[in-house]
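Dumping the structure here so I can ask a few things about it.
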Amino acid sequence: MRPSGRTADQLREVKITREYTMHAEGSVLVEFGNTKVICTASVEKGVPRFLKGSGQGWVTAEYGMLPRSTTDRMGREAARGKQGGRTLEIQRLIGRSLRAAVDMKKLGENTINIDCDVIQADGGTRTASITGACVALVDAIRHMQRKKMIKTDPFVQLIASVSVGMYKGSPVLDLDYPEDSNAGTDMNVVMTEEGGFIEIQGTAEAAPFSQNEMTAMLALAKSGIEELVVLQKKALDE
Amino acid sequence: MRPSGRTADQLREVKITREYTMHAEGSVLVEFGNTKVICTASVEKGVPRFLKGSGQGWVTAEYGMLPRSTTDRMGREAARGKQGGRTLEIQRLIGRSLRAAVDMKKLGENTINIDCDVIQADGGTRTASITGACVALVDAIRHMQRKKMIKTDPFVQLIASVSVGMYKGSPVLDLDYPEDSNAGTDMNVVMTEEGGFIEIQGTAEAAPFSQNEMTAMLALAKSGIEELVVLQKKALDE
Amino acid sequence: MRPSGRTADQLREVKITREYTMHAEGSVLVEFGNTKVICTASVEKGVPRFLKGSGQGWVTAEYGMLPRSTTDRMGREAARGKQGGRTLEIQRLIGRSLRAAVDMKKLGENTINIDCDVIQADGGTRTASITGACVALVDAIRHMQRKKMIKTDPFVQLIASVSVGMYKGSPVLDLDYPEDSNAGTDMNVVMTEEGGFIEIQGTAEAAPFSQNEMTAMLALAKSGIEELVVLQKKALDE
Amino acid sequence: MRPSGRTADQLREVKITREYTMHAEGSVLVEFGNTKVICTASVEKGVPRFLKGSGQGWVTAEYGMLPRSTTDRMGREAARGKQGGRTLEIQRLIGRSLRAAVDMKKLGENTINIDCDVIQADGGTRTASITGACVALVDAIRHMQRKKMIKTDPFVQLIASVSVGMYKGSPVLDLDYPEDSNAGTDMNVVMTEEGGFIEIQGTAEAAPFSQNEMTAMLALAKSGIEELVVLQKKALDE
Amino acid sequence: MRPSGRTADQLREVKITREYTMHAEGSVLVEFGNTKVICTASVEKGVPRFLKGSGQGWVTAEYGMLPRSTTDRMGREAARGKQGGRTLEIQRLIGRSLRAAVDMKKLGENTINIDCDVIQADGGTRTASITGACVALVDAIRHMQRKKMIKTDPFVQLIASVSVGMYKGSPVLDLDYPEDSNAGTDMNVVMTEEGGFIEIQGTAEAAPFSQNEMTAMLALAKSGIEELVVLQKKALDE
Amino acid sequence: MRPSGRTADQLREVKITREYTMHAEGSVLVEFGNTKVICTASVEKGVPRFLKGSGQGWVTAEYGMLPRSTTDRMGREAARGKQGGRTLEIQRLIGRSLRAAVDMKKLGENTINIDCDVIQADGGTRTASITGACVALVDAIRHMQRKKMIKTDPFVQLIASVSVGMYKGSPVLDLDYPEDSNAGTDMNVVMTEEGGFIEIQGTAEAAPFSQNEMTAMLALAKSGIEELVVLQKKALDE
């Protein structure tokens, strides 16, 4: 029995709100239950130095949490003077994942900066971030097309992400914080809309996990991500 | 004629939404037109070193802007590794202002951390922050009373803030970004609900301002803050 | 009765010594009583990136205190690895104030760097800094004219600054440290030689201040700044 | 055909040299072919703040690369003033993995600091680090037993790690740099000596990977790690 | 022929002004010709962590240059966020040198913080700093004795310092900037009033130096330091 | 009697192993007894900004210690976010010393980056670093000649370094850690193969040292460096 009363294969209520703030080319509020993240996609001319003159574009991501997005207040990273290891790890994951959504050659020498800022956390902030940011990314690409910044469509495929884990010995989908903090294994899965794997990061928290457990978790992840892709598409059609 | 069509003494539409996020003891979304700030008040046992053993409490504030809260994306301060001068200046102002709302002796050796995070900016983020954060502060104090952390009520008075300025030669209230970026003078005023001054910070941007201009601006500020206090009280009564 | 025995409208003894050090284009030791600040103005070809190609110049300022300029030794900011909020706030104020003394277009693409370093502090370091640095700035401009770096005179007007405050219920001019640390209100005023306001920063330390108190304080500031301008002019004529 | 001429399921030559340097309680040079890492385990009394008084110990890890361990010289992280995201990610992985080797309660309030410093890199530095550091960790635990710092044996199980990937469409074991930089998928696997999973981190570099590909890669990883455990045990028996 | 017209064994005019600023327990302006350094000695109760409980005291030093103490303006170290290698090297030298002037056991668990801040540089700032700071240190010790902070006199001996070098093939004493920037060898010597060596740091700038050249330079240093000690004593007797 | 049983003028066993790692143009493991340092010389096209367009090259050095190269584990400088004063001092010394080995004009606009990383410390790490790095530097220059990056040979002379000191009242050569930590005086000497002085840095640890003691120490250094140069040449001939 899950603390939330959900079945093992049940996502939390997921909402994707586009045009959430007014300045960014793509701006999405994504909610996985009580986890709420503002995802913006900002278009900028030019590329980082290592790509100058290559004709290719770039997609990169940054991640942050408001200090009181969590149960206890965390120190503000800007005040401490550096981003922690967890933050860097997550924003590297978001960036790598979203680059699979875009054909960099067709993007031309433009950069799309993704910002994922958690305003309320209840587990799964990185998977919600990837899922919401992909929608913001599509809006930013559409903006570039409307503004004639690019000639062909660099969009390749939707990318979505969900967590799975072993909770009290059973595989469960989309862990919230009470589950996450007690899970035996925690695994974040990123997939394409076609069902290909982009990233798998699984960590045994309490005890090692077996091949069978992994197979069961991946099956849950696959069906969860299929649902998320449907919600992404629905949001983008509105 | 103001770009927004407002009269010289007219505030933007102001909204104060309490319990905006779920973890903080006080959590307010404050909106001054398109300027939107999440203000949280977090209660923490203990005080900074310089107050240990004094029996007194402390109220302090931090301020940040989401990178794409602005027209152009700003670098993330956490990634750059330090808070800029403007940020430090604003959070010092917020902290000083809100300390006037609280009797530190009655607060006991507890700290209230204010976080003001701008999710959308259109001028006046610091005045909206002070106005919204004061409501979050009251909620945090009420929480402390419910939890019996304090015996007497440390709340002293409401504090609110608004900007005034000289725009095209005339004094105007509550400048939005199009006005702010063209104002001859920009002045931020913080007052108590009784009409006493807590802070005045006036800057001549283009040309020096005169005593008469200042008097006119302060009169606008006074009436604007009276309106804001009414809205704070209304929000707190809900 | 003021601790120093001065009357309410009396400045401390003010001394402005030009050519205090030998390398800078403008170099002034300014003394407001026991407060002593070395103000240098350094001319540099070129401008910050945001002005490149604009044909305009720039004036910017930095501020520091020697570690033992104060009653108790403060940590050295260079050793701590960052400038504190107070330092950044003050140097931003000095820079903004002095830019009102110069016509940036006539300055050409040159930068004048102001450095204000407090060697002994007894209250009013920021107002002494502005008052002394303006004289150093004029010397730097004269140097540029002698060296034919500029064709027309970019100097606009003298800028001076003084503090005022409410001390034991009465308005007083030019607070020293014993007054400053006990003042109910502390206000720093920057004005042009013509009597226009450039900056007003007033802070209620103990209790809110009223409109009448502000009017009284501003009158003191005005007369004090008139005296300071006379001293600046006298120094510049020597 | 692999660049090195190895078969798909063939490890590089692996060497584990104990007592490599003289000061550390555990000191191992681990070589996976041309990848060479010095792994030390340093015993320290006391634990980080969050564990004080818990009776439990801690294992933590840091990772670094000598600037010229790589084909091109990298900037020295100490000189740049911060550890990069990749470094933090790797050292977090090493620390999490090795904590599965130790019963923290039996360790008492002692900390074992693992340092993995790459002196020559040719792919797979993080997997070599985990494999070598586990041997150094065992030596450190044995030292603590000899010194009577602990009463019972906190060692739980050996942990080893290897990379697998899709190279030119085929799954391969233990990628060297020429393979790694051209791999379609790169996966790092950490397992216990019993064959349980501790960590899986798989990243699609060029194209998404399928469930079947993952199954094939994990089978290679499992057999590779079995071989590594044999080598760890052999080294520890010498 | 030296640029200044001095003979090879001639010091610049040296002035030592005590009680230069009002807050520090010891405060000296030291001038070696145009090189001017404010040296303060600040007494603080307590010692760094590594000496707590030892019964011993500590003397430590920090060094800085005002940004425009030099011919061209240098970046402010506090603004750049770190002290440069040269600064750290010099302040370590000053600290080590002055510790030879004090018996740490007799100092008790007190710290004397030396600050040497260069307000005008013309070569030899580190040697002037040591020479001036030693006088400030003596004043700080006398203050501690007057305040009964210590029972016995921890003062051991005067320490002074001067530079020597090879300039146009000849050994010269007390190099100013025009000499220093063209010297073949630059050597800083620190000695006790009894003529013992505390530090020698010699660097070949253009060509290696010989044993004979070193002997000649050391003889100049010895006689120069004897003169400086006479000036220190004279200043302390006033 | 020395702790190691060596005679006063006896070096520890010195080994110089070339081609120690595979990527660097010059790579040397240098051992002075138990002190072991990896010295690499990395060739890079281009020069620092202050030399651009000068036609001249540059040699610079960085130094680090593995955290557990020492008896007790030191904090990792990369993790602490800055290099300590000792590190900066040593790497400045290494860079200055090795620049005497090269004719910068003949090097063309190329940079050679020296990295000295201590993997095991037992006293004398800086002198071993200089001695070993000079061999790596020669290998890097030979590489540049083979690759036709330079037309003429920029090598000037071998540079080597050794420490001397006063231990229990007697001058000794090449101090190991037990001697170094108890020495009355510690002196690091850098010389050319012709016997010219490049650097002398002598520090009185316990008591001042005399002219005679210095003469005796320098004689030891001279003979020690002659031996080291023989070993450098032998290594380079292999």
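A, B, C, D, E and F are the chain letters, set down in written order, and residue numbers restart from 1 in every chain.
One rule holds for everything that comes next: a contact is a pair of C-beta atoms (placed from the backbone, for glycine too) under 8 Å apart; a residue touches a chain by one contact, two chains touch by 3 or more.
Every value quoted in this text rests on a predicted model; they were computed, and no experiment measured them.
A.B. asks: Return the chains common to the contact lists of chain B and chain C.
C.D. replies: A chain counts here if it touches both chain B and chain C, and no chain qualifies.
A.B. asks: Identify the chains adjacent to both chain D and chain F in the sense defined at the top.
C.D. replies: Both chain D and chain F are touched by no common chain, going by the contact rule given at the top.
A.B. asks: For the interface formed by B-C, which of the candidate pairs A-D, C-E or D-F is equivalent, sharing more than half of the contact pairs by residue number?
C.D. replies: A-D
A.B. asks: Could you let me know which interface, A-B or A-D, is made of more C-beta pairs in contact?
C.D. replies: Pair with the higher count of C-beta contacts: A-B.
A.B. asks: Using CA atom averages as chain centres, what separation in Å is found between chain A and chain B?
C.D. replies: 33
A.B. asks: Rounded to the nearest whole Å, what is the centre-to-centre distance of chain E and chain F, using the mean of the C-alpha atoms as each centre?
C.D. replies: 28
A.B. asks: Between chain C and chain F, what is the separation of their C-alpha centroids in Å?
C.D. replies: The mean C-alpha positions of chain C and chain F differ by 50 Å.
A.B. asks: So which stretches of chain A touch two or more other chains?
C.D. replies: Only 81-82 qualify.
A.B. asks: Which order do the chains take around the ring when read from chain B towards chain C?
C.D. replies: B, C, E, F, D, A
A.B. asks: For the complex, which residues does chain D have touching chain F?
C.D. replies: 21-24, 27, 34, 36, 38, 40, 42, 44, 62, 64, 66-71, 73, 76-79, 81-83, 87, 113, 115, 117, 119-121
A.B. asks: Could you list, by residue number, the parts of chain F that touch chain E in their complex?
C.D. replies: 82, 85-86, 88-89, 91-92, 96, 100, 187, 191-192, 194, 196-204, 207-211, 214, 218
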